[in-house]
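Each of the two complexes below includes chain A, the first together with chain B, the second together with chain C.
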Partner chain A sequence: MDGSNDLKKVAYYPGCALEGTGHAYNRSTKAVGKSLGLELVELENWNCCGAMEVKNVDPKIQTYLSARNLSIAEDMGFDKVMAPCNGCYHNLKKAEYDLANDPKSVEVNERISAKAGHDAYKPGKVETIHALDWIKKAVGEEELAKRVQNSLKGIKVANYYGCMYTRPRHIFPEKDKGPGTESTAKPHFMDDILAAAGAENVEFPLKTACCGGAHSLSDSDMSTKLVLNIIETAEACGAEVIATECPTCHTGLEMHQVRAEKVLGRKTNVKILYFTQLLGMALGLSASKVGVQENLSDSRAFLKEKGLG
Partner chain B sequence: MPIHEKSLIRKENLVENESLVIDGVDVSGHWSTFITGRSLTDYNDDMQDEIAALPGGENIHRCWQCGSCTNACTVNAVNPEFNPRYWIYLIRLGMEEELLRDKDIIWQCVSCNKCTYACPRDVVPEGVMKATAHWLELKGHTPKSPSTEFDEEFSGQVIKTGKIEESRVIMNFFRRTEQPLAQPWLVALIKGLAFRFPVFYLMRMGMAVVRRPRTRNWAKSRRAINEYVQEVEAANRAAVGAKGGH
Partner chain C sequence: MTLQAPLDLDGAIALADAVAASAASDSAPLEAAKRLLGAGEVVLEAWVEAAGNVPTDEEVEGYRLLALHRQGAKGNPSFNACRETCRELVYLRNVVEMSLSEGDLAQARHHLMLEAHVLRHLGLFVGGKLHESGLGDFCCSSRPLHSADSTITN
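Showing the complex of A and B:
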C-alpha cells in the first residue's frame, strides 16, 4: 500500500450485511470517514460477494461474484476498494489471489463474464483494503490522537478480529511483512486505532477465534458455545467492551450472547460495539450518529455512564 | 496381557473369556481381555479420488498426517469426535465404513480456516471437510445438512437477484428445515429491539419486504451462473458415480 493521499478517496463496497443487520457498521464507517475528511464513493450497482455460502455450491461462482465488484471499481477509475465487512474483504482478496494463480478460476470467470456481457476482471488492477487499513493508513494514530474530542480513557476493550480478516494467510500477501504491517497471528490494527482514541486495550488471547458465524443458524448450539467462550474470556481479561470489525462476527456475538442466556442460562454483561462506533464517539460524534441504537446489544446506559455519545 | 486403556478401544472389538487357561495359568475374566483380530477387505478404492474430484477436496493426497489441522480445529475443541486428520486418513485408505460412523458431524466444520493456516502441506483441510460432507450427501449416506440447506437458500437468492436480504434468508431457512421461526431467543431479541425503537424497526422491516434489494441488469449474470451451476452439478454427480439430482 503506498502513500496516504490516494486513500483519502476510495471506492466503497458495503456489501449486503451492511444494508441489513450490520447497518450500524455502515452508518458509523461513513460517519467516521466524513469526520476524518475521507471520501467514500460507493460501487455502482454492486452485487453480493458470495459471503460464506456460495463457495459451498461452487467456489468459482464466488470468484465471479467478487471479481464483478472489482471490475466495477476499476471501471469507476479506482485502484483501491474498501470493504468494512470481513466476508466481503476476504472474498475480494481471494478472487484477486485465485485469478492471479489458478488458471481454472480465470477460465470460469472469463466465461461467465462474457455471457453476462461485461469484461472479465484481470488481477492486479484493484487492491482491496479493510476499513482498518483505510483508517490506519489514510489517517494514522498520531493524527487520530490529535482529533480525539471524547477520549475513550478508562474503557477496557477486547479487540476481536474473527477468522476472515487473517485466514487463510496466502490471500493476504501484504500482511506479516514486519513492522507497520498487519500480523495474521496477532492482528493489532484495531488495537492501534482504539489506543490512539484513548481506549485501554486488554490482553485478549481470542482475537482471531471463530464465532461460528458460518453456522450461526444452521448449528446454533455450536455457535452459542463458541461465542460464549469468546465473551467469557473477554470478561475474564477485564474487558467491558468487545470491539468488532465484521458484521457477521458482531451480529453473531450479539445474538448468541442472548441465546446463551436464554438457552444455557449463562448471562454475560460485556458490551459489543463496532470499532467505528467507538472511534466515532471519540471523534465527538453522538451515539445515534454512529448507530448505537441499531445494535442488538444495548449499550446506551453503559456509554452514558462513560460520558460518551 | 490385560489391556489397560480399554476406553480407547470400541467395546465390540474387545473379547473377554469367562474361563481360560493358557500354559497352566488361569486367565479367566478380565485377565483374558483381547482385541479381536480383524482383517479389512472392504476398502473403497474410489473414495479418495471421488472426494478429490469435488470442490475443496483437490489436495487431500498431499496429507502427511501430522495432525496440525485437528490440533488447530475450532470444532474439535468443542467436540473431540470431530477429527479432520483422522477422516483424511480414513479417506486416503478407503475405509468407508469407519468414516460413516462420523457421517452426521462432518458437516459441522465452521470454515474458520485455522486448519488451512496451520497445515504445512497446503491440504486445505477446510475444503476437504466441505468436499467430504458434499460426498456423503451425493452418495445418499446423509440427508442434506442444515448447513447445505442454508447455503442453497442463500446462494439461490444471490443468483436470482445479485444480492441477499437477510430476513428473507432466515425465514426461508427455518421453513426449509421445518423449524419454528418463533425460537424463544429470537423472539427475545426482536422484542428487545421493537421495544426500543418500534417505529424505526417496523418501517425497516416493511421496507425490506416491499423493496427487495437487487442488482440492476442482473438477468444475463443470473443465466450465466445458472448454466455454470448445472454444469458443475452434473460434473460432481458424475465424479461420484451418482445418478440424478437432489
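Showing the complex of A and C:
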C-alpha cells in the first residue's frame, strides 16, 4: 500500500455485520470518510464473506465467497477494497493468500465461478485494506490533527484490536515491515489515529487478546469472563473508553459488559465506542451523526461531560 | 505475596486474582512477577499435556513460557491467538524488574497488576480451549458445525 491518492476513492465492502448489529460502525465510517473528503463506493451485489459459519462447513467455499467480492471490486475498476470488519478483512485477505498459494482453492474458485457465470478472481488484482489503513494512509496523523475541531484531549482510551486484525500473520504481508507499517505483535494504527485527534492512549496489554466472540452462543459464560477481564484490565489501566474497530468485538464487549453485571454481579463503567465514532466527534460531527445512540453501551452523558457530540 | 506456586490451571487463575487484588501494596513485586510467569507455564503445560505431549523444558528467547507456547501451537495454529498474551506476560515481568532497578516501586506494582490481568486472560483462554472439543481453524473457539458432537446439528 503506497501513495495516498489512490486511497481517496476506494471500493467499500461493509459486510453483513455492518448492516445489522454493527450499523453504528457503518454510519460512523461513512460519516468520517465524507468529513475527510474520502469516497467510498459500495460493491454492487456483494455477498457474505463466508464468515465463520461457511468456513467451518467448507473453507474452500468460504474462499470462493470472499473471492467473488474481490472479483466485483475488480470489475468495478478498483484495485483496493476497504473492509472495516475484522472478520471480513481477515477472510478477504485469506482468500487472496489461498488463491496465490493453494491449487485446490484455485480449482474450487474457478469451478464455482464458472457455475455462477462470472470470471474467477485472480490473486494480485485487488488489495484488501482495513478502515484503519484507509484513514491512516489516505489522510495521515498530521492532516487529521489539523482537522480536529473537538479535541479528545483528556479522554483516556484503551485501543482494542481483537484477534483477527493481525492473525494469522502470513496473510498480512504488508504488516511488520518497519516504521510506518502496522505491527502484528503490538498494533498501533488506531492508537496513532486517536492520538492525532487528541486522545490519551493508555498502556493496554490485552490489545489483541481473544474476546471469546465465537463462544458467545455456545459458551456465553466463557465469553463473559474473557470480556470482563478485558474490560477490567482496561479500567485498571485507567481507561474511560475502549475504542474498537470490529463489529463483532464491539458487540461482544457491549453485551458481556451488561451480562457480567447481571450474571456475575461485576459492574464496570468503561464506555465502548467505535474508533470512527470518537474520530467523527473529534472532527466536529454530532453524536447522533456517528450513531452513538445505536450503541448498547450508553455513553451519551459521558460524551456530553467531555464536550463531545 | 506468600502464595505457593499453583499446581493447576485453576490455581493459576486464583493466583492472578490474588496478585491483582494486592499488587498495589506488594512488598516484593519481582518475586510475585516471577511467580506469575511460572503460573503461565503451568497453564500452558495443561494445554500441552491435554494434547498427549510432554511439556518442554527448553527456552525460546530465554523463556520457557515462549517455548511452551511454540510447542502448544505446533500443528494447531489457532493456539497462536494467545501468542501475544504470552509475550505480554514476559514483557511485563521484565518491566517490573526494570522499574525496581530504577527505584520506581509504584511502576513496578502497576505492571505487576497488569501482569496478573494478563495471566488471568491466558488462564481463561486456555481453560476455554480445553473445555471445547473438535476446535476449528477460523479462530480459537470455533468448531465444525457438522462434527459428530455438534450440539447445533444433533
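Here are some notes:
Criterion: the second predicted complex is superposed on the first by the 309 of 309 C-alpha atoms of A that agree within 3 Å, B and C clash if a C-alpha of one lies under 4 Å from a C-alpha of the other, contacts with A are read in each partner's own complex, and residues count from 1 in each chain.
FYI, a residue touches a chain if its C-beta (ideal position, glycine included) is under 8 Å from a C-beta of that chain, and two chains touch if they have at least 3 such contacts.
Note that the structure is a prediction, hence the values are computed from the model and not measured.
Annotation for the three-chain superposition on chain A: chain B and chain C clash.
Of the two partner chains placed around the shared chain by superposition, chain B is the only one that A:258 touches, whereas chain C remains out of contact. In the superposition on chain A, A:34 contacts neither chain B nor chain C.
Contact with both chain B and chain C is seen for A:209 once the two complexes are overlaid on the shared chain. Look at A:122: by the touch rule set out above, it reaches neither chain B nor chain C.
Of the two partner chains placed around the shared chain by superposition, chain B and chain C are both touched by A:52. In the superposition on chain A, A:188 makes contact with neither chain B nor chain C. Judged by the touch definition given at the top, the superposed model places A:296 against chain B, while chain C stays out of reach.
By the document's definition of touching, both partners, chain B and chain C, reach A:168.
In the superposition on chain A, A:19 makes contact with chain B only, not with chain C. Aligning on the C-alpha atoms of chain A brings chain C into conflict with chain B at a single listed stretch, 130-138, out of 58-66, 94-102, 112-120 or 130-138.
In the superposition on chain A, chain A positions 52-53, 55-57, 59, 163-164, 167-168, 209-210, 212-215, 218-219, 222, 225-226 are in contact with chain B in one complex as well as with chain C in the other.
Of all residues in chain B, those touching chain A in their complex are 55-56, 74-75, 78, 108, 110-114, 116-117, 124, 130, 134, 145-152, 154-155, 158-159, 162-167, 170, 173-174, 177, 184-185, 188-189, 192-193, 196-197, 200, 208, 213, 215-218, 220-221, 223-225, 227-229, 232. Here chain A touches chain C in the complex through residues 52-53, 55-57, 59, 163-164, 167-168, 185-186, 203, 205-210, 212-215, 218-219, 222, 225-226, 229-230, 232-233, 236-237, going by the rule given at the top.
Within the complex formed with chain B, the chain A residues making contact are 16-17, 19-21, 45-48, 50-61, 64-65, 68, 108, 111-113, 115-117, 163-164, 166-169, 184, 209-210, 212-215, 217-219, 222, 225-226, 254-255, 258-259, 262-263, 293, 296, 298. On chain C, the positions that touch chain A within their shared complex are 20, 77, 80-82, 84-85, 87-88, 91-92, 113-114, 117-118, 120-121, 124-125, 127-128, 131-132, 136-146, 151.
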